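Here come two complexes built around subunit A, the first alongside subunit B, the second alongside subunit C.
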Partner chain A sequence: MIVETGHFALALALALALMQVILPFWGARAHDGRLMATARPLALTQFALVALAYAALTYAHVVSDFSLVNVVENSHSTKPMLYKISGVWGNHEGSMMLWALILTLSGAAMALFSRAIPPRLLADATSVQGLLSVAFLLFILLTSDPFVRLDTLPIEGNDLNPILQDPGLAIHPPLLYIGYVGFSIVFSLAAGALIGGRTDAAFARFIRPWTLAAWIFLTLGIAMGSYWAYYTLGWGGFWFWDPVENASLLPWLAGTALLHSAAVMEKRDSLKIWTIFLAILTFSLSLLGTFLVRSGVLTSVHAFASDPQRGLFILGILVLFIGGALFLFMLRAPTLTSGGLFAPISREGFLVVNNLLLTASCAAVFIGTLYPLALEAWNGSKITVGAPFFNLTFGPLFAPILILAPLGQLLAWKRGDLFAAAQRLFAVAVLGLVAMLGFYAFQGGPAVAVIGAGVAVYLMVAAFAEIWSRVFPQGFRRRANAFGRLTGLPLSAWGGALAHAGLGVTLLGLAATGWGVEKIATIHPNESFAVGPYALQATSVDSGEGPNYREAIVHMAISRDGKILAKIDPSKRFFKTRQMATSQAGIVTLNLGQVYVAVAEQNADGSFDARMYWKPLVSLIWLGALVMALGGSLSLADRRLRVGVARRAKLPAGVQAAE
Partner chain B sequence: MRKTLLTLFALAALALPAHAVQPDEILPDPKLESRARSISADLRCLVCQNQSIDDSDASLAKDLRMLVREQLTAGKSDQDIKAFLVARYGNFVLLKPPFEWDTAALWLSPFALFGVAGLLLWRNSRRRKAEAAPAAPLSAEESEKLKALLGDEGSTTKQEEADLPPRDTQPVVGAESPRENTEIADTSLPEAASDSGRETQSTHAPPAP
Partner chain C sequence: MTRKQKRLALIGSALGVLALAVGLILFALRDNVVFFYGPTEMVEKHVGQGTRLRIGGLVKTGTLTHLEGKSVKFQVTDGKADVPVSYTGLLPDLFKEGQGVVAEGALDSAGVFKADSILAKHDERYMPREVADALKKQGVWKEGETAPAGAPK
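What follows is the complex of A and B.
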């Protein structure tokens, strides 16, 4: 009964979504405030209904209701509760339900927190958001129904893929989806603005909080996915330029470009057309990612044909929304006036360069991801585009950003003094060079690591140069009122600085992989190995029993100069139902680096094959992403970003002058 | 050949994950071993998603790693080994696609895109610059008026003068017409006067030590 209620709620949500497409749109045309006002209750009720459907599906998973195909195929009565709940989105149907849940949540959030947005724009935007809901709810109900019952009930389920039975499953997909789908709000607002044919600087103000929020979640989601891959795959790789990963990186790059171009639009009433285009592009890339992952087109163009219904449906959604939005864009873009011309050497000039580099690197990832598919479809030849390609194309296109970002931050709007900005950064650049020399002297190693680490130090310090120059505008010697200026700085200034510094932190972690130590060996109990600065010793071997697996555990002690610093227990798990093994790496963080050990099955003589690593500073890769997200959150918390235009207009002009 | 490939795929799918590079695979000669590792890093594990055979757990990857090492011990060059594998599996086995006629677009388009977009931007800004009519310098009378106006606001006069564009350099760039130019000047003045305006700080502040 509960399951049927959920199914019914989903269908009802579809009906409401249809109404949400029509009523507010009609209201905006007929200038009928009451019709436009239906948007809010419709969006909220729709979210409530999808949440109900989602809860019903979760309930079926939690109680192991094996009358549902979805539960049988992806669950097992002995599966731990955490994976019964998170396993709901560990399969195609459930993950589409999560998509729909977050989509309607975004719609509800937009309807609730957008009182500052002009009612007509909001009405058109909610109508577009409703259309998105219609498309995805239809997709679920017609091709990916999670509520399908079985006639004959099996006694047990097939269990969830063991690789997914990890706490990462509980965290990574929701974060990523909130990021992906959060951009739908920005998309809808852009489409709404195009429909209404009116865009001004205020538009940038409306989309900024939503862009920031989605960007924060996407950043965290990508980082979490990367860390999950790192500790699961058994050798410490964290980024593979795999098409699925690229699919998440594309909207991140476009979204980052959007954040920066929206700043120009807001401040200078310029780059309007471009900002709208990026708003459309970012969510289009999210949709594309969903298509790539969900249609099976990635494994092979032929896999796409094997399940044409789903693939074609998503392709249809893709064409409808991307094509529709671009068509609207084509119609309206010429009517948008771009005001506020500017000099190349100015903050906005550098932001344009930032956008150029970000979109070019985004294009490199896009082309590298889709080229093999296109080529195979075209002439049947199969090629692989792997990490070396992306290192050679994405690398050089993204690298200049790392150097130029702090410089741009120091330039004034309208016309900046490049020489003065470079002078201010001179000391930091020298610091970066000294760091390079230091790393070379103490670590040696590959040039990429040394140079990367030096640039990272420069970026981390230089990110705060803007704050320094605002606190000490006359130099450090004349620091009267410096404290007042420091506390008076808007949160968004700190946010920008932290986000850039976070990029530097991640870069340092990436560079430091060049200094990693790897040891592959067969280990016997009580044998000791030197891995980097540490000695690893297998103290004992153990076997254990989990709820749905058995495992072989190796207990290891990590010591330095004879002192035991930590203990790790790498293990090999064997899942009975699916007859699959997973490797649980033993990891411990020491001085921001990690000792990482993965073991293979036990040999006949009791020894283990093991891969042991010392990865200096590796944790910075993900800590950097946390810092970036923290920076984004500070910007988001900035009161001035949340103040709506309607209220802002009442403030005296002087208050608006600040950034 | 196709059949062996299919058999290999099937085997790899069935097999339990072994481990990427195992101790027994490692060659005694460290030089050869490091060559083997760098070759392996460029070869795709054919049954995996974008993983190199060096990283992959699949048993096919292990077979290929052994093959690479056998050929290395037989004295073949890195190029020979890659060519051998390409002859066997096609370009699909290379993680770095070779530059050929049907991959030219792949390799060149990101940079071409960057170049074209950059060129357009540059030309655009040049054109606008050329279009921008030079603003007529203030006449002596106007300067007096300006001084008098600014003088009214008190002691900040000097600072504001410093903020105005120097007379001898380019006119305010980005101004399309004299009319718009005055508009910009109008808006920039109050900002310059306000303490919080960043424009003020970064243009006249001395460089940090």
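What follows is the complex of A and C.
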């Protein structure tokens, strides 16, 4: 009964979404405040219904209701509770449900926290958001229904793919999806603005919190996914330039560009058309990511062609929304008043350069990701575009950003003094060079690592140069009232500085991979290996039994200069239901670096083949993402920039604010 | 700066970045793309030694031999042609005789494919998609079958 209620709620949500497309839109045309005001209750009720449907599906997974195809295929009665819950989104149908849940959540959030947005714009944006809901709810109900029942009940389920039974993967998709789908609000607002045909600097203010929030989650989601790949796949790699990973990087790059161009639009009433274009592009790339991952086109171009229903449906959604938005853009963009031009040497000038480089690196990733698919569809040849391509294209296009970002922060709006800014950064640049020399002297190693680490030090310190120059505008010697200025700094200044510093932290972690040590060996009990500065010794071999697997464990002690620092237990798990083995890497963090050991199946003589790594500073890669997200959160918390401050008086007469 | 100069600066930098991006992408696509071949294709195309590529097929049953250290030798087959492969390192979890495999590397002067990585990735059928396609092409595995003969489900 609960399952049928969920199914029905989903269908009802579709009906409400249809109403949400029509009523507010009509209201905006007819200048009818009551019709426009339907947006809020419709969006909220729709979210409640989808949440109900989602809860029903979760319930079926939790109680192992094997009358549902979805549960049978992806669950098992002995599976731990955490994975029964996360298993809901560990499969195609369930993950689309999560998509729809977050999409309607975004719609509800937009309807709730939008008092500052002019009602007509909000009405148009809500109806675009409604159209997105219609498309995805239809997709679920017609092609990916998770509520399909079975006639004959099996006694046991097929279990979830063991690789997915992991706490990291339990949390990764929700984070990523909130990021992906959060940009739908920005998309809807941009489309709404285009439909209404009016944009001003206030638009940048409306989209700012949503862009930031989605960006924060996307950053965390990408970092989480990368860390998951790092410790589950057992290869010690954290980024493979795999299409699935690139699919999440694309909207991140476009979203980062959007954050920066929106700042120009807000402060200088310029780059309006470009900002709206980026708002459309960012969510379009999110949609493209969904298409790549969910249509099966990556598994095989041929599989996509032979089982086209789902793929074609998503492709249709993709074409409808991207094409529609771009068509609207083409129609309306010329009528938008373009802002003034500005001097190249100014903060906005540097933000333009930032945008150019970010979109160019985004384009490089885009082509590297889609070219193999296009080529295979074209003439059947199969190629792999791997790390060398991306290092050669993405690298040079992204690298200037690392150097220029602190410089741009130091320039004033309108007209900046490049010489003064460079002078302020001179000391930091010298520090970076000294760091390079230091790294070279103590670590040696590849030039890329040394240079990268030096640039990272520069970026981390220089990120705070703007704060320094605002606290000590006349130099450190004349520091009266410095404390007052420090505490008076807006949170957004700290946010920007932290986000840039976080990029530096990640870069340092990436550069340090050049100093890593890898050792492949056969481990016999009590044998000891030197890996980097540490000695690894296998103390004993053990076997264990989990709820739905059995495992062989190697206990290892890590010591330095004869002192035991930590113990790790890399293991090999064997999942019976799926007849599949996974490696559980043994990982311990020492001084921000990690010792990483993955073992293969036990040999006949009781020994294990193992991969052992020492990865100095590797944890900084993900800690940097956390710092970036923290910076974003500080910016988001800045009172001055919240929506809802001022702008109320601008509401057109006779129209009530959608309270 | 006049309005015209500002506009020129903007357009100029945009074109500059665009040209750089296009140049890099074209250059990288020419030299950094790795082709995938099945054993039959590899024999037909007379791949020269030293060219980096990926080959995929099934690990021929009875050909896997462990050499000294962590080295192994085996043959990759699609039922029509076989390619000898050598590899030093740890084999992925799912590497078995009769199992699908993708190896990246290059042919050496003796005609042995020296792999520097053996792909551990696999889809739900435990069959890399390139391998499945290569096997289908040779008629070893027809669409609709769950797995080719000899390969574990």
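The rule we apply is simple: the second predicted complex is superposed on the first by the 643 of 659 C-alpha atoms of A that agree within 3 Å, B and C clash if a C-alpha of one lies under 4 Å from a C-alpha of the other, contacts with A are read in each partner's own complex, and residues count from 1 in each chain.
Simple rule for what comes next: a residue touches a chain if its C-beta (ideal position, glycine included) is under 8 Å from a C-beta of that chain, and two chains touch if they have at least 3 such contacts.
Predicted, not measured: the structure shown is a model, and the values here were computed from it.
Visitor: Taking the superposition as given, does A:Gln423 touch the first partner, subunit B, the second, subunit C, both, or neither?
Guide: The answer is first: A:Gln423 touches subunit B but not subunit C.
Visitor: For A:Asn161, select first, second, both or neither according to whether it touches subunit B, subunit C, the two together, or no partner.
Guide: In the superposition, A:Asn161 contacts subunit C only.
Visitor: Using the superposition on chain A described above, determine whether A:Tyr440 touches subunit B (first), subunit C (second), both, or neither.
Guide: In the superposition, A:Tyr440 touches no partner, neither subunit B nor subunit C.
Visitor: On the superposed three-chain arrangement, identify whether subunit B or subunit C touches more subunit A residues.
Guide: B
Visitor: With both complexes superposed on chain A, which partner does A:Ser381 reach: first (subunit B), second (subunit C), both or neither?
Guide: In the superposition, A:Ser381 contacts both subunit B and subunit C.
Visitor: Which partner chains sit in contact with A:Trp468 here, subunit B, subunit C, both or neither? Use first/second/both/neither.
Guide: After superposition on chain A, A:Trp468 lies in contact with subunit B alone.
Visitor: Given the touch rule stated above, what does A:Ala600 touch, subunit B (first), subunit C (second), both, or neither?
Guide: both
Visitor: Based on the superposed arrangement, let me know which partner A:Trp239 touches: subunit B (first), subunit C (second), both, or neither?
Guide: Neither: A:Trp239 stays clear of subunit B and subunit C.
Visitor: Taking the superposition as given, does A:Trp413 touch the first partner, subunit B, the second, subunit C, both, or neither?
Guide: Once the two structures are laid over each other on A, A:Trp413 reaches subunit B alone.
Visitor: Identify the overlap between the subunit B-contacting and the subunit C-contacting residues of subunit A.
Guide: 233-235, 299, 341-344, 352, 356-357, 360-361, 363-364, 367-368, 371, 381-386, 388-389, 392-393, 397, 520-522, 579-583, 600, 609, 611
Visitor: Which part of subunit A faces subunit B closely enough to touch in the complex?
Guide: Checking each residue of subunit A against subunit B gives 233-235, 237, 240-244, 298-299, 340-344, 352, 356-357, 359-361, 363-364, 367-368, 371, 375, 379, 381-389, 392-394, 397, 410-417, 420-421, 423-424, 427, 465, 468-470, 472-476, 520-522, 579-583, 598, 600, 609, 611, 653-654, 657-659.
Visitor: Going by the contact rule set out above, which residues of subunit B touch subunit A in the complex?
Guide: Contact set of subunit B toward subunit A: 16-24, 26, 42, 44, 49-52, 55, 57, 90-97, 102-103, 105-107, 109-111, 113-114, 117-118, 121, 125, 128, 132, 165, 172-176, 184, 188, 190-191, 194, 196-199, 201-203, 205-209.
Visitor: Which subunit A residues qualify as touching subunit C in the complex?
Guide: Residues 161, 233-235, 299-300, 302-303, 306, 341-344, 349, 352-353, 356-357, 360-361, 363-364, 367-368, 371, 381-386, 388-389, 392-393, 396-397, 520-522, 572, 579-583, 600-601, 609-611.
Visitor: For subunit C, which residues are in contact with subunit A within the complex?
Guide: 1, 3, 6-7, 9-10, 13-14, 17-18, 20-21, 24-25, 27-29, 31-36, 54, 70, 89-91, 93-94, 104, 120, 123-124, 126, 129-130, 132-133, 143, 152-153
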